[in-house]
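Look at the two complexes coming up: chain A is in both, with chain B in one and chain C in the other.
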Partner chain A sequence: MGITQILFWFLTALVLGSALMVIFSKNPVHSVLWLIVTFFCISGHYILLNAQFLAIVNVIVYAGAIMVLFLFVVMLMNLNAETEPQKNKWLKFAGAIAGSCLLLVLVAALKDTDAMRQEVLMKTGDIGLIHNLGMVLFRDYLLPFEISSVLFLSAMVGTVVIGKKGD
Partner chain B sequence: MNELQFKALLPYSLLATASIIVILLIAFRRNHFMIQVVGFLLMCGVIFALVQVRPLLPVAIPPLFQIDGFALLFTGLIIGSVAIVGLFSYIYFEAREENPKEYYILLFLSTLGSAILAISNHFVSFFLGLEILSVSLYGLIAYLRNRNHAVEAGMKYLVLAALTSAFLLFGMALVYMDTGTMSFPEIAQKLSAGGGSSVLFVMGMGFIVVAVGFKLALVPFHLWAADVYQGAPVPVTAFIATVSKIGVFAILLRFSLDVNLQNFPLAIDIFAIIAIASMIIGNLLALRQANLKRLLAYSSIAHLGYLLVAFLPGNMAGVEAAVFYLLAYSITLLSAFGIITMLSTRKKDADDVEIYRGLFWKKPLMALVLTIALLSLAGIPLTAGFIAKFYVLGAGIQSQLVLPVIVLVVTSVIGLYYYLRVISVMFAAPVPAEAWEKTVSPLFYNSTYIALVILALALVALGVFPGLVVEDIRTLLTVR
Partner chain C sequence: MTILNIDWFFALEKLILIAVVITGALVIAMYSTYAERKVAAFIQDRRGPNRAGPFGLFQPLADGLKLFFKEEIIPSHSNKVLFVLGPSLAMLTAMMTSAVIPWGSKVELFGRSIDLQIADINIGILFVFGVVSLGVYGILIGAWSSNNKFSLLGGLRGASQIISYELAMGISLIALLMVTGTLSLKEMVEQQRHGHWNIIHQPLGFLIFLICAFAECNRTPFDLPEAENELNCGYHSEYSSMKLGFYLFAEYINMFISGAVMACLYFGGYDIPFVDESALAVNTAAILGAVALLVKVGLFIFLFMWVRWTIPRFRYDQLMRLGWKNLIPLSLLNMFVTGAWILWKSKSH
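Here is the complex of A and B:
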């Protein structure tokens, strides 16, 4: 068993454990912290698959930006164990049904795909390397890339204009 | 990307640079006058670049863009309208002293979105262009946050536009699922090889029609129009009514030409129904409006319905009629909104029809310009609006579209009523109203005045000598 495999099993155990902790911890702030651990472990998996760019983006966007958003919402709603609203029995029931429907769809969709029968190739393939991605992005898809950046620029300017203090 | 493609993209790159230049100008000197002048010169530069690019055409930039005569015409219309909207903006925002500098960034960005729509022949660039256009419009509509209806209008537009964007994406996904491609020519190939009747494809097209219908304010999707027109600042209203609709109509036209939409009776029936409903409902709702901005909103719904009649045949005569119609329609609406801008005071927009009572006896030239604009909207002979409607009718009759043509004629007669009502108010005896507020900037006041008179003269000139532009439109459209 090489170092890669040890790392893989370690990360897998950690990601499953922390994902379960997200659901089972009573305190919402703890949930959010466990979610951060989950995201970091998934990023570790991406690195094992030679997808550096995806790993970094995952850390920046999910573990960074989205987590801050989550924390803000938790803070603003002032959730803690005592004020947690009693959940309706029907709500739990509906949640269980919706969740199992999703599971069913995912299993049905992934059951027959080719990827399931192949062994995962660790540390091979260079499509996810930042160098190659940059080459593709700035050579073949330059125009769509620039246009999307203009889209973000317009969103930023609009937000600043609407959000700034009146003068 | 080779040198030729780079050159052909020059007007669009310049347009994108314009907003960056405005950002940098704001960073160094927050001077409204300078930004306005630089912005106007940049727009003139873009038009100059368009003229320079013309001999190189057509240039394809696979997979996203196709720059041809059609694209050039629509881009020219868009840039021309935006130059005039920019001119109106100065006196409007200067009077309000509400920090109008960032406005120009958003204005140029949304213009870029509209121009991208005019050249794209791929779903990806379609979606990106449409999103740039609408994301900047959210900011523009709600720009004067302290006014009563501005935030409400912006919010309405945001929610509905986001919803229709979801429709658009889902429609594109369904079409992709059926044809396996997102580029218009390839979709056309797949269709001519015998597709296009599958449920997926028809549903996808239906979803796309919802999104396009929303942007063009066609009838089942028109509910936002009146509120947004009323709540937005007047130059932004003019922008929505012209630039945003020209861009979306351009891509609708290009798509339908590429895939030969007239070969699909179902699609043609749907568009015919939408056109008829827009003409009837737009004109009927406008009848009782006492607010000029709302009146123009309903009238523009009706006008887009007329425009769809030119779109239905799907031949060159229809496209020519549509381009000429859009030209006449933009000039007309810009001059009408220009008058509203000039009469708007610091506290409120001049959107109540009663403000115009006796305008002719106080400001005869302004009243004349507005009269010409309204007559052109109504389609009275000797104005561009008449010739435009005439071309549309000609294109419709050629293709035996009996019902839409009849509805067009009947609803035009109904529409005459509310345009004439405003005109009769302007020529009525004046009420002794309070004195007009002093203008902030005589230079821009006068240049706007001159621009409006030129627009009105252009309306009459196009109405008397339509040959001035029709030949040019025809030759440009053959560059494909």
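Here is the complex of A and C:
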């Protein structure tokens, strides 16, 4: 077993373990912190695929910005195990069934796709490097890229409108 | 010697380099505390520490010993694990940035040519940016786990401040990246060695970056997370002993590292001004270059202190207005002008 494989299995165990901890932690703040660990491990996987740019953007955007806001909100609301309202039993059942349905559909949809038959390119792929990614985004997918940026702009305008409502 | 497809000599070389860089950062941070007191004393027309050793040079050692021997108190209402995790994270993120900074050119030892940089990754500056954005967790976790309203307020202030100033910092960086065309710090320094320093191309960008660096390091005039007169020391109110020391120390390491980043980005890194390094022997040039970088960093640290003892703290609304209404539009303008300039230059050729 080479060093890449050892790292792969180590990261995989870590990512699954921390993802499970997100669900099973009683305290919401702990859940958020475990989710940050999960994002870090996924970034590790990106680095194994030689996609350093994606890895660092994942850290900056998700672990560095979005999760800070999550933590912010959870800390301000002061949620903890005691104040958590007990959910209806039927609601739990419905949640479990709906979640399993989603899993089933995802597995069925992805089972026979091309991506599953391809060998993962460890350390050799180069699409995640910033030069190649930029070329693909701004040459082949320019229109979708610009449209998604307009979407972000509209979201920002929406936030300002909601924020101004009180005045 | 290779086991598991790893060149172990290479690993050993990197380990030694990491140890040297971290020890260096710690020692410099330690003596920054001494320098801070001396600079403050000079500005306020006092003498500063002068009892421990000649010129008070052993003062940092005495302070460190004091912090170690103080009683360690973990409040009974706090979250114990996170209470310890907070200062550790603050220290860890402060240290991690040093990995991508080029401390000098190559040295040749025992027939091997060794880069004086721990990792030359092709996304160097983004790595710095990512680690800086994680720095907020140390403050936020420590503040929340203390279970104290003053601490929580300080932590929230710190988090919102860092997020706000990160935006302007990122945009001013984009303008610089458009000029240099690379994300690797090593390549940026090499470009500046053979051309002009980037400060000539990006004076406004540097000014914005400098202000944001002050905010990210929580230095006065941006030290609102620990404003003593209103928040009773803010996020570290409940901390004592060496855990408090970690928080205070992390600030000095951050100052050192951000000085090094600014020197590499805008002031030529290990480039010695007006000297042709290729005329010197390889090892001499590397060591002189490293000394030149440290001198530049020292000047930045002095600037940090000078500002701290000159300008009073902002009010919170002033801080937010400066970040969102002044710095972000300015950095956007800077990016726009830089883009237009690059376009005009490529057209005229």
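Operating definition for what follows: the second predicted complex is superposed on the first by the 133 of 167 C-alpha atoms of A that agree within 3 Å, B and C clash if a C-alpha of one lies under 4 Å from a C-alpha of the other, contacts with A are read in each partner's own complex, and residues count from 1 in each chain.
The definition used in the following text is that a residue touches a chain if its C-beta (ideal position, glycine included) is under 8 Å from a C-beta of that chain, and two chains touch if they have at least 3 such contacts.
A quick note: this is a predicted structure, and the numbers were derived from the prediction, not measured.
> If we overlay the two complexes on their shared chain A, which of chain B and chain C does A:V160 touch? Say first, second, both or neither.
Only chain B is touched by A:V160; chain C is not.
> Looking at A:G95 after the superposition, I want to know if it touches chain B, chain C, both of them or none. Which is it: first, second, both, neither?
Touch status of A:G95: no partner.
> Quick one: classify A:V150 as touching chain B (first), chain C (second), both or neither.
first
> Where on chain A do the contacts from chain B and from chain C line up?
none
> Quick check on the complex: what are the chain B residues that touch chain A?
Per the stated touch rule, the residues are 1, 9, 16, 19, 23, 61, 64-65, 99, 102-103, 105-106, 109-110, 112-113, 116, 124-125, 128-129, 131-132, 135-136, 138-139, 142-143, 145-146, 154.
> Name, in rising order, each residue of chain A that touches chain B in their complex.
On the chain A side, the touching residues are 142-144, 146-148, 150-151, 153-155, 157-162, 166-167.
> For a test of understanding, state which residues of chain A touch chain C in their complex under the given definition.
Residues in contact with chain C: 2-3, 29, 33, 36, 52-53, 56-57, 59-60, 63-65, 68-69, 71-72, 75-76, 129-130.
> Looking at the complex, which residues from chain C come into contact with chain A?
My answer: residues 4-6, 82, 121-123, 126-127, 129-130, 133-134, 136-137, 140-141, 144, 152, 155-156, 159-160, 163, 166, 183.
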